[in-house]
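Below, subunit A partners subunit B and then partners subunit C, in two separate complexes.
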Partner chain A sequence: MPAEGGLIFSRALGNTLRALLERDPRVILLGEDIADPYGGAFKVTRGLSTDFPDRVRTTPVSEAAITGIAAGLALEGFRPIVEVMFCDFTTLCFDQVLNHIAKYGAMYDHQVECPVILRTPAGGGRGYGPTHSQSLEKHFLGIPHLRVVAASLYLDPLTVFSQLLSQSEPVLYVEHKLLYPLSMVDAGGDDSPELLFGLDSGECGLPTVTISAVPRRECTVTVFAYGYGAVQAANAAWDLAIEEEIFAEILVPAQIAPVDWGPLERSVAVTRSLVTVEEGTAGWGWGSEVAAQVSRRFFGSLRRPVESVASARDVIPAARHLEQQRIPGAEAIAQAIREAAR
Partner chain B sequence: MAGDSRRGNRLPAIDRTPDLRLVGSPEEPRDERLFRRMFFLRCFEEAVLDLFSEGLLNGTTHCCIGQEADCVGIAEHLTPGDHVFSNHRCHGHYLAHTGDAAGLLAEMTGRSDGVCGGVGGSQHLCAPGFKSNGVLGGTMPAAAGIALAQQLRGTGHLSVAFIGDGTLGEGVVYETLNIASLWRLPLFVVCEDNAWSQSTPKRLNMAGGLRERFEAFGIPTREIDTTDVLEIDHTAGEEIAAVRHAGSPRALVIQTYRLCHHSKSDDNRPLAEVESRWLLDPLRVHGVRLDGQRRGEIESEVRQGIGSLVECLRRAA
Partner chain C sequence: MRPVIVPTADVNSETCTIVRWLSADGALVRPDDLVVEVETSKAVLDVPAGGEGLLLRAAREGEEVPMGGTVAYLFPDRVSLEEFRERLEHERQQALEMAAKGATRGPRASRKARELATRHGVDLAALAKTGLITTQDVEAAIRRTAPVDPAPALSPLPAGQGVERILVLGGGLGATQVLDILGGNPARRAVAILDDNRELWGRDVGGVPVVGGRERIAGLYRDGEIDAGIVSISTSIRVRKMFRELCRDLGVPMTNAIDRTAKIGADVRLGMGNVICAFCHLGVGAVVGDNNFLSAYNSFDHHCVLGSDISTGPSCVASGCVEIGSRVRMGTGIFIEPYLKIGDDVQIASGAVILQSVPAGHTLKLRIGHTVLVPPKSS
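Up next is the complex of A and B:
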């Protein structure tokens, strides 16, 4: 339940990129249609090419080459940030990420670093159909030396990007499209006095935000969610608390891979039940790995098997009513929480 | 770098200072140095193939026997600050650029004091100003990105990408040529057309023209059909100077021939074709220009240099 009137996520992200360009001459933005006056398909970079014409470059429709050019820049000490217009198109960058960018450091015995950041709008809910609605991050999870980070309303993107620029591993930063028009939530402030917000700084350099209606000791289920799923889960946590007296603690990790297990362990140790939420297709994904790891770490103390909420293993239709059947909705998440909270 | 204790060497550290018997001294006449370096590359790879036969090397390797003139002729015109991105067939490019035979052989024998600590092996090498990767085509945009870095910094240096005719099947090559031309990047593409893509002749792989693929993007392209190191040296000098002067991309297509197999023992090419190409062996083409006695001295020095290196690693193995 984001507050009215706060800075919306897309502007917060645009401001972040502007701040990075202003303070760090190594930062270069590349991407299709990111230059003014268009400013990117989701307007995140609007205004930046006007003020930084050499360092904010619109490119041809060539995802592989853009990603590879960013690799070359990063190898030479620059800090390129690439916008991949739709997450669906990250398949076209995949060889560069897997066989080049994520390998250079280890393959060359750590003589070089290749800290490329790929940003990409992901997810459905806008009726864009089978090739413009996907959440494909699961295909990047587990690539050695690649970090996968998810945009969130609960953590200032400047905090996140400052951390990413302070280290040398490459990053895929996934931005759920439905976050763009939503207002940022100040997790440390009083934007949403109904919900309790906490920050577990964890060990990976990026924190995990905790959200619940009541203190952790009263919660009987942990929900591990990111992207728009985190917003849905937070809303569900509030509704279930006031309408059904079901208390869930939502954990929103900034980094979804590698998973920072500490914050999750601290919550599950208390609630002894876990639901994961992702918008990618079900199976072989984030929830599967989290379920496997948590089952191992909490074998014998979990009250029930880990539940994973994900999209149907099918294409995402363009028609609204069909799309809603395929991707996790508020009710599916609430129902999973109800079951797991018992 | 050699003997870096961080890597926990068990073995006595190798000396990675380039051996003058292999790379020649700066005062050596150019004709002799070019021959010496080509012979160095040849002897190194022959030693590598012998070590494979003896079971002392692990994995696979792609030799450039027959293409040494390309490596040596291009390297002659690069200066510290320039960058080379090479491919799977990278020994010659690496050795011509760095002279680091010890580091490369240590790498191929899996030693922690190899070029990449034994991780990279034959086709994933890294040194200041040099990298190679075994996935074809994907190195092109990285080379262009390095060129962009040089342009943004105003260094005046250039980025060289070595590719082969087979790599022209990869789409990312054309994405990169387009951007390199649009952004006027100081990228020098050297396409070594050795007529065969692994086991497949060019006629089954390539429609239309080769140089036209570069020219279609407005990239000035020279094409030479030669294994003569002097011709390559001369042409590379002009082309690299032009890239430096204009700060924009150019391509050099060299029609050459791989006299050895693709990797270790995979050669189904017509024997007569391969034999006829030995007449154009770059060592033969240029070797006849040298005084016979001097040539013999150079060959002997190079053999000694490679021999002592192989012995050193054999003792340590």
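Up next is the complex of A and C:
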């Protein structure tokens, strides 16, 4: 994987968008304040409007309008990529996504396609308060014909976006904001001497990265995690291996819905125990669905019920110490792994 | 001396990178002079001196510093600047040496593995393993390097012509049961016991000498001093299985020890290495694998199928046509309904009455049916 050492995620993503603009004239970026000099709330699009003034456009403050315009552009053959400033505001795009963008292809028997990509920063940990810290992707997970993809330090965003542009289903791409300042990890290189990285190419077109301290056959629990939870889980896997000889295999799917079951099944078949980690509120979510499916597929051979780690069903306070009590912390994840590894 | 601090203008970053210095080392700067350019995940910032004095840089270009951290110091005169520079340089050297020591700390190993290696004098670097070194690796190394001290004076008992000479593996209480079963049969004789506990070497169990640990298995068989082995340990399925595999790998046959009070029905097919204690019953057509330890009063009724490496407590009773997987551990006093399947690696608590099949790997605990001790009423 071509991620360069030291390149932080927000920069890797910015480079990716630049590369897409350069090589595909259909690509158009839309979003609030994404043009220079501001360059977006998290500076992902910095410099792009200067070099591509016609195709990187700052919009008025109306998520429904931006998403609707993107739908129109996509129907006309463009490849719009929308930045929704905070995941919390995706609720304002929901009707456009559910009733229009995701339906057009099937509704018109694929005579038209509507390949809109929505990008959005999600997650807490920075004290932004109840309406700028949420992970709302769970509300989009069940929508037919919508792919939900999660940003990761372990997979070059250019690989991901190239695949997304090579097909025509619409996509919600969720970027946990704690990933922006973190360096990309070259999962295929020698600069990760501690953990073992692997890649299961799976069946959905986007791979699942596997991370563990020891080979899979020695692991006694699988951890299915994405976003910043994947980083926390990978750190926990290393600490638990060194300090307690508890061996977990972390699976980081690029696409979180629909779930690509192959890579997960191959791991759980060996470990026979599963923990899911997500930052959305607990229940009716990603972990619940994964638990239900894995319990069916492995009925009788799991050692224990699937455990799901998620946020408390409550608002996220702005005060850092209170926020930490609501969203999954490193210790909560480690404790779940400890229990499930037995 | 006063520090020059990066303002925390960006709540999205914990650190920033020094892009370039705008003021020379040692230069006289004024409060509003911009001295350094730093970059966060969101923006490039120019940091003002914030005071007047001679500037001493505390970070190099490309270096990461925490937001709100010190990037430079300001001094009223050159003497104090030079003193501080020397101290800073000394600290930096020490930090570098510490880091170098850390880097040459050797191969990656878990904390437990490192402690075990230290206790036993195992050189982790000599293990030449690329992945994480675990206690299993260190234990294997200890076994490989342990001085083989077979105490050659200890030899098995003699046995007459045509008598099967049996090696009992494990010198604990299980051995007394196996010896009891084998006793009184002139065609078979337990001639030696092996146990990895060195303190038992040279002692005897019921008159049969403990002649060493597992490293003697191959030699005793090769030298024609034993004909077959049997595992007497009932408390650990892992160890039972290990000994069975060891015998298989070394080409040492295993034998059965069946108490003369046991009732073995017609058409029963029995593997090797089984210990079957007093008053056991194997019903007609039952199939039993290898290396099982069935305690007294077990009954597996007609057409039951048992795997291998199973260990049971007394009075485990299965109705007909029950299938029991391998490596199953059963407590005392267990009843199993007919036609049920107990998967591999299942553990069943004492007193369980099993009414439905148990999938592999599961542990069956008892939540109901426990006894309550009621004290006598005071008169």
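The definition used in the following text is that the second predicted complex is superposed on the first by the 337 of 342 C-alpha atoms of A that agree within 3 Å, B and C clash if a C-alpha of one lies under 4 Å from a C-alpha of the other, contacts with A are read in each partner's own complex, and residues count from 1 in each chain.
Please note the rule applied: contacts are C-beta pairs under 8 Å (C-beta built on N, C-alpha and C of every residue); 3 or more make two chains touch, one makes a residue touch a chain.
As the structure is a computational prediction, the values presented were derived from the model and not from experiment.
A.B. asks: Aligned on subunit A, subunit B and subunit C: do they clash or fit?
C.D. replies: In the superposition, subunit B and subunit C stay clear of each other.
A.B. asks: Determine, under the contact definition given at the top, whether A:Tyr180 touches first (subunit B), second (subunit C), both, or neither.
C.D. replies: second
A.B. asks: Is A:Ala236 touching anything from subunit B or subunit C once the two structures are fitted on A? First, second, both or neither.
C.D. replies: neither
A.B. asks: Who does A:Ala254 touch here: subunit B (first), subunit C (second), both, or neither?
C.D. replies: So A:Ala254 meets neither subunit B nor subunit C here.
A.B. asks: For A:Gly72, select first, second, both or neither according to whether it touches subunit B, subunit C, the two together, or no partner.
C.D. replies: First partner only.
A.B. asks: Looking at the overlay, what does A:Glu194 touch: subunit B (first), subunit C (second), both, or neither?
C.D. replies: In the superposition, A:Glu194 contacts subunit C only.
A.B. asks: Could you look at A:Arg272 and tell me whether it touches subunit B, subunit C, both or neither (first, second, both, neither)?
C.D. replies: Only subunit C; A:Arg272 stays clear of subunit B.
A.B. asks: Could you look at A:Pro215 and tell me whether it touches subunit B, subunit C, both or neither (first, second, both, neither)?
C.D. replies: Only subunit C is touched by A:Pro215; subunit B is not.
A.B. asks: Tell me the angle subtended at the Cα centre of subunit A by the Cα centres of subunit B and subunit C, rounded to the nearest 10 °.
C.D. replies: 150
A.B. asks: In whole Å, how close do subunit B and subunit C get at the C-alpha level once superposed?
C.D. replies: 28
A.B. asks: Can you tell me which positions in subunit A touch subunit B when the two form their complex?
C.D. replies: 28, 54, 57, 59-60, 62, 64-78, 80, 95-96, 99-100, 103-104, 106-109, 111-112
A.B. asks: Taking the complex as given, what residues does subunit C use to touch subunit A?
C.D. replies: 11-15, 40-43, 108, 110-113, 131-132, 134-135, 343, 359-362
A.B. asks: Residue numbers of subunit A touching subunit C in their complex, please.
C.D. replies: Going through subunit A, the ones touching subunit C are 8, 10-11, 42-43, 126-128, 177, 180-181, 193-194, 196, 213-215, 218, 241-245, 272, 299-303.
A.B. asks: Show me the residue ranges of subunit B that touch subunit A in the complex, using the header's touch definition.
C.D. replies: 7, 115-117, 119-120, 124-127, 131, 133, 135, 138-150, 152, 159, 171-172, 175-176, 178-179, 182-183
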